[in-house]
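First chain written, first letter: the chains are A, B and C, and each begins at residue 1.
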Amino acid sequence: MAGKLSIIMYSGTADKFIPLGVLAQAGAAMGMEVNIFVTGFALLGFLKNRKDAPFPKEFEEMAPALMEGMAKNNVAPWYDMVKQAKELGAHVYACSMMCGVMNLKKEDFGTLVDDIVGAATFLQSAEGGQTLFI
Amino acid sequence: MAGKLSIIMYSGTADKFIPLGVLAQAGAAMGMEVNIFVTGFALLGFLKNRKDAPFPKEFEEMAPALMEGMAKNNVAPWYDMVKQAKELGAHVYACSMMCGVMNLKKEDFGTLVDDIVGAATFLQSAEGGQTLFI
Amino acid sequence: MAGKLSIIMYSGTADKFIPLGVLAQAGAAMGMEVNIFVTGFALLGFLKNRKDAPFPKEFEEMAPALMEGMAKNNVAPWYDMVKQAKELGAHVYACSMMCGVMNLKKEDFGTLVDDIVGAATFLQSAEGGQTLFI
């Protein structure tokens, strides 16, 4: 029994996409049911025409060393980790309410986003598993 | 069986109150047992004499567009969403330790806060459900 | 049945270490199985030669009052709360991938860190309990 991992991805700073990718990929590789609900500023990271996400102000000076460390250690970009998770069965949903607020439609997102759903639908699917708010 | 949703509300930036309201309201409307434990900077948002919470520095320039989008889409203020959740049975507790540190008493809070409790009490009530740290 | 509390400690700002300490200590004191997975910027707080963590930019002006309030209320430093949690059975693990990225080895950490493990190992151990992402 591998269990279920549900991730509400809200934060949109560049650093937070790394644990999203790592946890989604690790969970899916373990055979967990993985569902990601993208909302808030994190929606911007899933857009077809996405720009570089900002680094958190408190740790800005560490960004170059981190990027270099990730390259040296052959850490895949978060986008590829989520893609791998999806190939192993994970799903990615965008929050319908925030899509309305930001005036985003299904066609504005890249191929990672499977569908636009409401928070209630997501909470229901998350029942009985671990749920993280990133 | 609708399950249980427990939310530890710590972050105090303005944006984070939106997912609090949405998730609490959606969970309560689904018939989930919803409990909110307010601590850290988020306590300031529940004060009787609360000021506008700050927007996260990294996304400050997006604040006006977001506010406009919420108004256009008739998204209720987070405060009203938590109130609706409470009318459906949700409870809101303030963290006793942080109230001590910030010198806050029950009468300093608005009507949303039901009581002041300790972290252990909250963790116990959260057992067996989904718990989020926002 | 006391249950299980798993904490993924990612954020590295000074304030977030307080809920880590409080929740770990409260959970362990209640007899819960407590496991902490340290990753991202939070790794810096567990180093032998750690520096003061930055305060979040949005609430910087509140730092002195908070520190004073904690001293007046005899709130233990977070480090001591995690130590107490460990004396009650809690475990602290550092994320192997981020240790690689930041070029950190076991000997770079203080005595709080028990071991360096991967995200999959941690997710597996967290199964069936409450998991928080701080």
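One rule holds in what follows: a residue touches a chain if its C-beta (ideal position, glycine included) is under 8 Å from a C-beta of that chain, and two chains touch if they have at least 3 such contacts.
Nothing here was measured: the structure is a model prediction, and the numbers come from that model.
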C-alpha-based rotation, subunit A on subunit C, 0 to 180 degrees, nearest 5: 120
Interface sides of subunit B and subunit C: same vs different residues, half threshold: different
Geometric centre distance via CA averages, subunit C-subunit B, whole Å: 23
Per-residue overlap in subunit A, given as positions that touch at least 2 other chains: 56-57, 130-133
In the complex, subunit C residues that touch subunit B: 3, 5, 15-16, 18-19, 22-23, 26-27, 29-30, 32, 56-59, 62, 65-66, 69-70, 72-73, 75, 130-134
Residue ranges of subunit C touching subunit A (in the complex, touch as defined): 6, 8, 10, 12-13, 39-41, 54-57, 97, 100-103, 118-120, 123-124, 126-133
